[in-house]
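The structures come next, written out as structure tokens.
Shared between the two complexes below is chain A, which pairs with chain B and chain C, respectively.
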Partner chain A sequence: MTFMQKTLGTVAALALSAGAALADPALVYDLGGKFDKSFNEAAYNGAERWAKETGGSYKDIEMQSEAQREQALRRFAEAGYNPVITTGFSFAEPIKNVAADYPDTKFVNVDGFLPEIPENVLLINFQEHQGSYLVGMLAAMESKSGTVGFVGGMDIPLIRHFACGYAQGAKAVNPDINVIANMTGTTPAAWNDPVKGAELAKAQIGQGADVIYAAAGGTGLGVLQTAADEGIYSIGVDSNQNHLHPGSVLTSMLKRVDNAVYEAMTAGADLETGKFMTLGLAEEGVGYAVDENNSELITDEMTATVEDAKAKIISGDIDVVSYYANDSCPALDF
Partner chain B sequence: MDFATLLQLLESTIRMSTPLLLACLAGLFSERSGIFDIGLEGKMLIAAFFSAAIAYNTGNVWLGLLAGIGASLGLSAIHGLASITFRGNQLISGVALNFLASGITVLIAQSWYKQGGKTPTLTGGARLNEINLPLTETLRDVPVLGPIYAQVISGHAPLVYVAFLAVPATWWLLFRTRFGLRLRAVGEAPEAVDTAGISVIRLRYTAVAICGILCGIAGAYMATGLQPFFGKEMTAGRGYIALAALIFAKWRPWYALAACLLFGFLQAVAIRFQNFDLGAFTVPVQVMDALPYILTVVILAGFIGKAIPPRAGGTPYVKER
Partner chain C sequence: MDKMPAWADAVLVPLISILIAAVLSALVIAALGMNPFEAFQLMVEGALMKSSGWGYTLYYATNFIFTGLAVAVAFHARMFNIGGEGQAQIGGLGVALACLFIPWPHWSLALIAATLAAALFGAAWAYIPAILQAKRGSHIVITTIMFNFIAAALINYVLVNLLRPAGAMEPATATFPAATSLPTFQQMFSTSETVLFRGSPANITFFIAVAACIGVWLLIWRTRLGYELRAFGFSETGAKYAGISPVKITVVSMLISGALAGLMAINATMGEAERLVLNASEGAGFIGIAVALMGRSHPVGVFLAALLFGFLYQGGAELAFWANIPRELVTVIQALVILFTGALDNLVRWPLERAFLAFRPKGAQ
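Entry: the complex of A and B
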């Protein structure tokens, strides 16, 4: 009987410690939600790819309000998940507050910025302005009217960063091009207002725009829809959105959040932290999407021009100015 | 600003005002009967989802509209049950229904369509198409009035005209019929109505039901007309702006039309111009977005006239024994 009890006890203890040692990663999505067909969905796709390839499992949660962020991080850290991956710049502050309390847990954040990065935190940023520059070139080459549009979600520096790269790309092709940039709003509701997105697109079409780039989460779906209805071109963002309206979505500015999440999960507890990682064109962190849905829209000449610019950006011959550099854009007034 | 821009602005105003107007009239019926309804947003949202979902499943937008109205009526019934029959707090019930609608729409959409709380895109007969009013083409060449008729007045979804016709209908119903007199009385002095031998409970339930129908139309217009799909939280606070418009309109139908057109116009201007350049200085877009709320606060504070809500509003009626 005692032997039996001991054995059972050991087995139980082993099971417990095994659970802790083989920690699963956790993924926390931002307010846009897991299936936004865009930024958060890219993170989800990366996690799913990791789970399928390794047979591993992970936990994920969607944020419903600002107040939940720190709580979610603490819950995952206390439950032994490692690394805890978060999407969206708003997680940077909560991570800073939480990281010191859980030195053994590694926290990853996509898009965030902190002046001082704690030892167990990895911040991953993308050079969105470089990818946006390339789709801006494509927009300018496709535009017949000489006017292209941009619809942003919530008015934050990150979205201005997108708009700024886009305007620079468009002006590189056609210095006289007119770039109209609009933001949907100043609250998180701006990420989920397709009706207002559609209305913004209609207003831009009224001003002559015939290619519109939407970097606006769920709001962008309304922009893409209106572009398809009105027979003009649109450009998707973050995930490949070409399939949403084949023949109308000119291309999508890819932000490979999926790769970042995949690699963080693959590294697992051995992830290198305490640093700031930047993924640009050179690292294939950003790019533009060409698939069977839009291959007929992108001519060989367009591809050649864009590929040339891409090589020059990587080599440093073209310098795409970042909005963050001095909080203003040389090609666009907000 | 040229004439073409002005026309686009007015056309956009009509589109942006319609959901506000329907929701505002819905709130008007409910609040005039003494039932505060902060749940306009939730009713619109659930109607938006069910109209898009049923329109997609059946391929018929009118069945979708009926489903949307039905879903909104369902929430109205719960609100009525909580605040009329069980005499609960009307604000709490309304807030709870907003949360319920916000969660349940995404939950059902995810379980039915697996597209992350979004319905598939509606096409063909499942989508509410814009109609041209008679004589649009003949009148188009008439100077000034022709383009106004063709672009601003004609060429909207049928529900837009329903919304604008609902204004005189509401006015007539509330101020020219016996039912309207009783409905207004029940929001001011329910004990008087009760003394006259008329059921307070039934009147209030009727008002709440009309509120549900109008919210249902508003939601259906958003998810089948303005956009051919339902997206998570797609009403984006319009129910609250409608409440603000209701206060701004001092609970009167024609004022409600004016308030909703004004708020819709402000949205349209904000969308078209972002930072509005007045020459001497620029009005930032945030000011435009906040103006409906600022104006409402000004009205509430009594600077421009006075907004007096129905006297019995918010208090459940208890019969004296």
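Entry: the complex of A and C
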């Protein structure tokens, strides 16, 4: 390598890093807030991992009101952030409204849905029902009482989608199993009400549940706490929550929002957009968490059964019905 | 003279309260290791120094004017309507139904219909607590706050099960037809050379809010109904003796209050979101209480207090965007203002009153 080449290489590298600094990615969290130990925090973890590995920096912000969604998107696009990554389905419409005004900015949304996707927008969805199916199987295998519980956050289709996969999984193991499903509330406060979560968990324990799956953001922390206090098992959601109560949290349904954010930030301005990306078991977008905190709870037999089901879901031999397919669930009534 | 002059009561007390709140907020910001002056500068620049900032400030203010007036009208009849939140959400349902299911040829017709629908739905939601209070004595504070939750549950049910477009994950209605889109300040005030209010949600509803201020002033101080309302507020037994029906005044004042709260939905649902989303009222119903308290239940005061809270909302957002401060701090600042202007009113009023009495001119007894 000649001196010239070296110099050119250095200049090119400098130019590249300078360009990257101009186009830092931005991350916008939904109303639940950055540190919800769950969905938004998973996005934050992905961004932190990216920042640590690349030494890059990013801008992030938490929402306070509905009108701020579009405002945040516009302000970040105008300030030159690229890509602008958002978490939560509520960003889909605001993105649709602003995307055309900023054709050079790439917008990413996790969980959203749009009938037509603009050129510079990437929508990422997770097959939560598949992951929930697997933890439903684990719950049914662990349960001795024949009753398992589900505590959801707000009663919206997304959470029914989680509950539906869970109930199908539980019934695949034990067709006679009793699945109790409760939603915390009908206002956004339902995402952050650990006290109510604890009360619902106690009520479900009173009805005989000995494994409870919480898909309720911050409310789930109350469910996990109660399960630990009452000596039953719980299942965490989105992030790996096994470490919160080792020995009591049976497993966590992983939704790898962190990977999605990490990859979007890594791709940076070269991100492929204009499409819908679905991450399921095959792409390891969803799954169940096994680590040192719960390895003693999950027996080899349980692992074998779940892994077998996982392979069958990927190959298409098992069809986990999505709640969205016709807005109803074959295994559970709401 | 045993009181301080009216101008001091209306201007000085709120100003000093805001000042105390500002000083305390500055201390909190400083304690977190940031420069409070820079933070304040960010808020002012973001909210007041450019037209798009004003666009957001006025958008929030419009919401607060409606909910503030709603609380103020009820206050005059000594009724504490804290159900503005639910009434506004149900008003949003009225707007959504009017916009989604009737093919309007022009936005002006749609606006008239949506205004009527919002007022009607909001009033209907306030009617039940009102009639329970008037006929059964169920306390309006309890019933209106409970109706907030019932409204939230109802909207949730309607959005998830009835009005959600097929395939959509978000519990929200479809976007309203383009013909119902209200003119925004950007469309109204931009010229071909300069774009004003770019991208901001302030819209024609602001002028309806101003009209509502004038309407409420006329109603309270220039009509017989307003007189009855105030008489009832001063003394229920006195009003009864004068032949004013408590049932009628309770119900009518709550209907007006509910209608005003419902009108907020034209701004938030029809003007901004152009579809009905969950939690469309976003706490504006509760902010309305602070706005009415601070504005002394007078439309002019409500208007100014709403502007202040609009500034706090938009300035707070700018702070969160560019200063990397946690959003909880923005809430703390807003809460301090509410605390001092609303709840701790007498903290400022009593010393001020004493000061005025001490320095009054001799012989002015």
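We take it that the second predicted complex is superposed on the first by the 312 of 334 C-alpha atoms of A that agree within 3 Å, B and C clash if a C-alpha of one lies under 4 Å from a C-alpha of the other, contacts with A are read in each partner's own complex, and residues count from 1 in each chain.
The rule we apply is simple: a residue touches a chain if its C-beta (ideal position, glycine included) is under 8 Å from a C-beta of that chain, and two chains touch if they have at least 3 such contacts.
Quick caveat, the model's predicted, so the values are computed rather than measured.
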Check chain A with both chain B and chain C modelled on it and let me know: fit or clash.
-> clash
Scan A:Leu221 for contacts with chain B and chain C and give back first, second, both or neither.
-> first
Looking at the overlay, does A:Gly33 come into contact with chain B only (first), chain C only (second), both, or neither?
-> both
Using the touch definition from the top, say if A:Thr186 reaches chain B (first), chain C (second), both or neither.
-> both
Is it chain B or chain C that touches the larger share of residues in chain A?
-> C
Partner chain in contact with A:Ser315 - chain B first, chain C second, else both or neither | neither
From the options 76-84, 94-102 or 130-138, pick the one stretch of chain C whose C-alpha atoms clash with chain B.
-> 130-138
Same chain A residues contacting chain B and chain C, which ones?
-> 33, 186
Contact set on chain A toward chain B in their complex | 33-37, 41, 182-183, 185-186, 189, 192-196, 198-200, 202-203, 206, 218, 221-222, 225
Of all residues in chain C, those that touch chain A in their complex = 56, 59-60, 149, 152-153, 155-157, 160, 164, 166-172, 175, 199-201, 268, 272-273, 275, 277-280, 282, 313, 316-317, 320-321, 326-327, 330-331
Across the complex, what residues on chain B touch chain A?
-> 4-5, 8, 12, 15-16, 106, 110, 115-118, 121, 222, 226-229, 231-234, 236-237, 267-268, 271-272, 274, 285-286, 289
The chain A residues in contact with chain C across the complex are 33, 61-68, 70-72, 74-75, 89-90, 92-93, 98, 101, 111-113, 115, 154-158, 186-188, 324, 327
